[in-house]
Each structure stands twice: as structure tokens, then as C-alpha cells.
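Here the structure comes first, spelled out in C-alpha cells, and everything after it is commentary.
In this document, chain identifiers A, B, C and D correspond to the written order of the chains, with residue numbering beginning at 1 in each.
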Amino acid sequence: MTVASQMLETYPADLGGIDRQKLAACIEACFECAQSCTACADACLSEEMVDQLRTCIRTNLDCADVCDTTGRVLSRHTGYDANLTRAVLEACAAACKACGDECAGHAEMHEHCRICAEACRRCQSACRELIDSLG
Amino acid sequence: MTVASQMLETYPADLGGIDRQKLAACIEACFECAQSCTACADACLSEEMVDQLRTCIRTNLDCADVCDTTGRVLSRHTGYDANLTRAVLEACAAACKACGDECAGHAEMHEHCRICAEACRRCQSACRELIDSLG
Amino acid sequence: MTVASQMLETYPADLGGIDRQKLAACIEACFECAQSCTACADACLSEEMVDQLRTCIRTNLDCADVCDTTGRVLSRHTGYDANLTRAVLEACAAACKACGDECAGHAEMHEHCRICAEACRRCQSACRELIDSLG
Amino acid sequence: MTVASQMLETYPADLGGIDRQKLAACIEACFECAQSCTACADACLSEEMVDQLRTCIRTNLDCADVCDTTGRVLSRHTGYDANLTRAVLEACAAACKACGDECAGHAEMHEHCRICAEACRRCQSACRELIDSLG
């Protein structure tokens, strides 16, 4: 069991009816994607053709920040606010969609973009599934 | 002129038709609110009646993270994505609304909550004005 | 292979003689600890005896922020600066030591503190090993 | 009075003998520098000669993250830990030194680097003064 799942198991109060497995999966996907996008921005920065990767770097930086914040918000359960959770998840799905599309466009040239695009897709799906489960 | 405004003035490319003054005001409000919410969460944590401030602390922590990320996203202009900007601003306005309401409820008892509620209101307004100006 | 390791494998330039396995382990430990500390602060906040967990919450919040930043700095390799890497790793080891000690003191009462203390220990060790390998 | 100063004034417990004015100045310098470095990384990314600004972008990103975390740690006073504060301030001074030097090297070519170098110098000095005052 991951640490994120263990932390959910040991939360001392009610999780407010949220789907625990989808929540754990989304938290993990957010942190994975935050790391991947931070690394991909830096890998792009070291590419010879960096001038063609400007938008990719920018989108990676945004996506890293949004995923980071989303992973933090989802790691808190005290005084749960469905409205805010939903708005943050929508922003995260949008950031992952934008970054996944951008990285996918460079995936054939750059392996780091291919790996990062997949991390973005996983995170986008995890956000979408969690949004749907909020009812 | 603030540093945030100076950085906008010296950005070497086009800002993409965004309202420069509203953008600068929103960036500054985001960083101010991120600091204020971080400090208010900690001040609440030191109050004797901390057990009645649990939701306030949690909302402060979320708002700090969302404002921080929003301030960063708004500080970038390369490869501007209106969709993502809007989604992030909506999440920020929601976080500031939730935190402003929560802090306002404790404003008569705790000066730090009163000051923080005002920072949240300013940031919420700045986000809303910027969203409206995006057209 | 984790995404962090895959991103290291596909970095297009030289990693500057850093130990790749220790680097990957440290990046992963930082993100795991950032999540764990964020969740532990929130779990403490929901405990009935929250007034006895003030220092634990504060230390968790600091440790989450420092681990987050350290994980980001370590995910970048372009223009590597050994001095800065070392200073950031020292701060991270100090934060993990403080938080691991604090959480360990509540581990018998609170399972989330026990799990979080272990994440802090792992991250502290990973930072220390990476510092030693920098030569 | 800035919001950061107001939050310090209304903190409900003892600040632990720390110099309040130096603390407020350092918190403000950290948030200002975090914003400035985020914006400078993005401005560099839009420069025609981006391939000569790789190290500058990377150092800006690191400095933004370290300043952000330092500003947050300094905004908390509950359960104050001088050791951790000092380690974080040392990392921040190192990041600001590295980024200030790097940006200064491009200051004649790029106004955003000149402005950002000044923000880094101010933050480095503020960290150094606060470290010295910790005794």
C-alpha cells in the first residue's frame, strides 16, 4: 500500500463519502505529474532545439504548479468543501489536458515528452474520474 | 512601480491583449493572499480555541496553495492559454470566496482573521475582474 | 521503473556525475514526504486533542514545503549548481529530522504520525546519502 | 503597513524574540523574489537568444521555489525551530546569490534580468540580516 493510501486509512475522521480509491489514485497521479512536468520542462530546456519547445516548457511549468496544489488540496479532508475541490480538479484536468497535448506533439522526437504526456493523461483521467464520483 | 509591474513592462514579447493593469493587480493580490493565508493558518493554530478554528486553518491552507499557483501561472505569458488561465482563476476565486467567508466569521474575535478576510476579498475581486476582462 | 527514474534516463544532457540511483531515490522520497506531511498536518487538525498537536502541525507544514521545493530542485539538471543543491538538501534533511522526531513522539497515539515519521526518516536518509555522494 | 506586517502584529502568541522588522522585511523580500524569478524565467524563455539563457531560466526556477518555501516558513511562528529557520534561510541566501549573479550577467542585455537581479540581491540581504539577528 502506498503512503498516500496509508494516510487516507488512518485519517481520524470521516472522509465525507468520497471514493477512497479514486481519491488515493488522484493524489498519487497529481504528485507524479508534478514531478514529471518539472523534469520535462528542464529536459526541454537542455534540448538543442529549445527555441521550438518554449510553449512546452511553459505548459509544463503551469501543469507542475497546478498538480502540486491539487495534490495538496486532495490530501486534506478536514472541513471538506465540495465546491472548491471541484474547481481545483477542473483546473487540474485543464492543465493536464493542455500539457498532455503539448508534450504528445513532441513525443516522437523526445522520449521525456512521451513519458510526461502519459503522466499528464493519467492525471487528467484520475481528476475526471474523481470529479464524476463527487456526484 | 511594483516589481510585478516592472516585470510585465519588460516582458520581451506580446502579452496577448490581456489588460496589463488588471493582470498586475491580480498577480500582487495572489501573492499577498498566499502570504496572508499562510500566516492566518499559523495564527489560528496558536489560538487557545484552536479546536473551533479547524475549518478556518484548512481553508487558509488551501487558499494559500491555490493563490500561490495562480500568482505563478499569471506571471507567465509565453504560449498563453486562455482556457487554462480561466480555469485557474475560477479555482482561485472559489478558494478566496471560501476562505474570505470563513475568516470573516472569526473577524470579530481574531484580528488576523479580519485582515486575512480582507486580503481574500481583494484577491477574489482581482480574479473576477481579470476573468471578466478576458472576454 | 518509476516515472522519476524514466525522466532521469531520458534527460538529454549529462547529469554531471551525480549518482543516478541516489538521485532518483531522493526525488521520490521528497515527493512522498511532501504528501505525507500535508496529510499528517490535516489528520492532526482533525484529532480531538488538536491543542496538543500544534507543533506537530506546524512542523508538518514546513517539512511539506521544504520537501516539495527540494524534489523540484533535484528534478532539474540544466546548469547544475552543487552549492545550491547541497544547501537545499541540508535544509531538507533538517526539516525531515525535525518533523520525524516530532511525529515519532505521537506515533503510539496516532497511526498517521507513525506513518509520517517513517516517510520523514526515509527522506532524511535519502538526502543524507545524496549529500555524501556529492563528494 | 503591509499585510505581512499586520499579520505579524496580530499573531496571538510570542514571536520568540525574533526581530519583527527584519522578519517582515525578509518575508516580503521572499515573496517579491519568488514572483520576480518566476516572471524572469518566463521572459528569458521568450527571448530570441533563449539558448544562451538556459542556466538563467533554471536558476530562476530554483530561486522562485526556494524563496516561496522560505516565505512560507517565515510566516509561521508556532513551535518555532531556530535550527530549521537557519537552514532554510541559508538555502535561500544561496539561491538568491546564484540567481542574482546569473541575472546580473544578463542585465545589460535584458531589463527583466536587471530588475530580477535587484530583487535577488534584496532578498539575499534580507535573509543574511535575519540570520545574523538570530544570534
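FYI, a residue touches a chain if its C-beta (ideal position, glycine included) is under 8 Å from a C-beta of that chain, and two chains touch if they have at least 3 such contacts.
If you want to know which protein each chain is, UniProt gives these names: A, B, C, D = Four-helix bundle copper-binding protein.
Note that the structure is a prediction, hence the values are computed from the model and not measured.
On a Cα centroid basis, the chain most remote from subunit C in this structure is B.
Shared residue numbers account for over half of those found at the interface formed by subunit A and subunit C, and the copies are therefore classed as meeting with the same residues. Two chain pairs, C-D and B-D, are compared here, and B-D has more C-beta pairs in contact (counted per touch definition above). Inter-chain spacing, taken between the CA centroids of subunit A and subunit D, is 27 Å.
Separation between the centroids of subunit B and subunit D, computed from CA atoms only, is 19 Å.
Of all residues in subunit C, those that touch two or more other chains are 42, 45-46, 54, 57-58, 61, 68, 72, 76, 78. For subunit A in complex with subunit C, the touching residues are 3-4, 6-13, 27, 31-32, 34-36, 38-40, 42-43, 45-47, 64, 68, 71-72, 75-78, 110-112, 115-116, 119. Subunit A makes touch with subunit B in their complex at residues 54-55, 57-59, 61-62, 65-66, 68-69, 72-73, 76, 78-79, 81, 83-84, 87-88, 90-91, 94-95, 98.
The part of subunit D that touches subunit A in the complex is made up of residues 41-42, 45-46, 50-51, 54, 57-58, 61.
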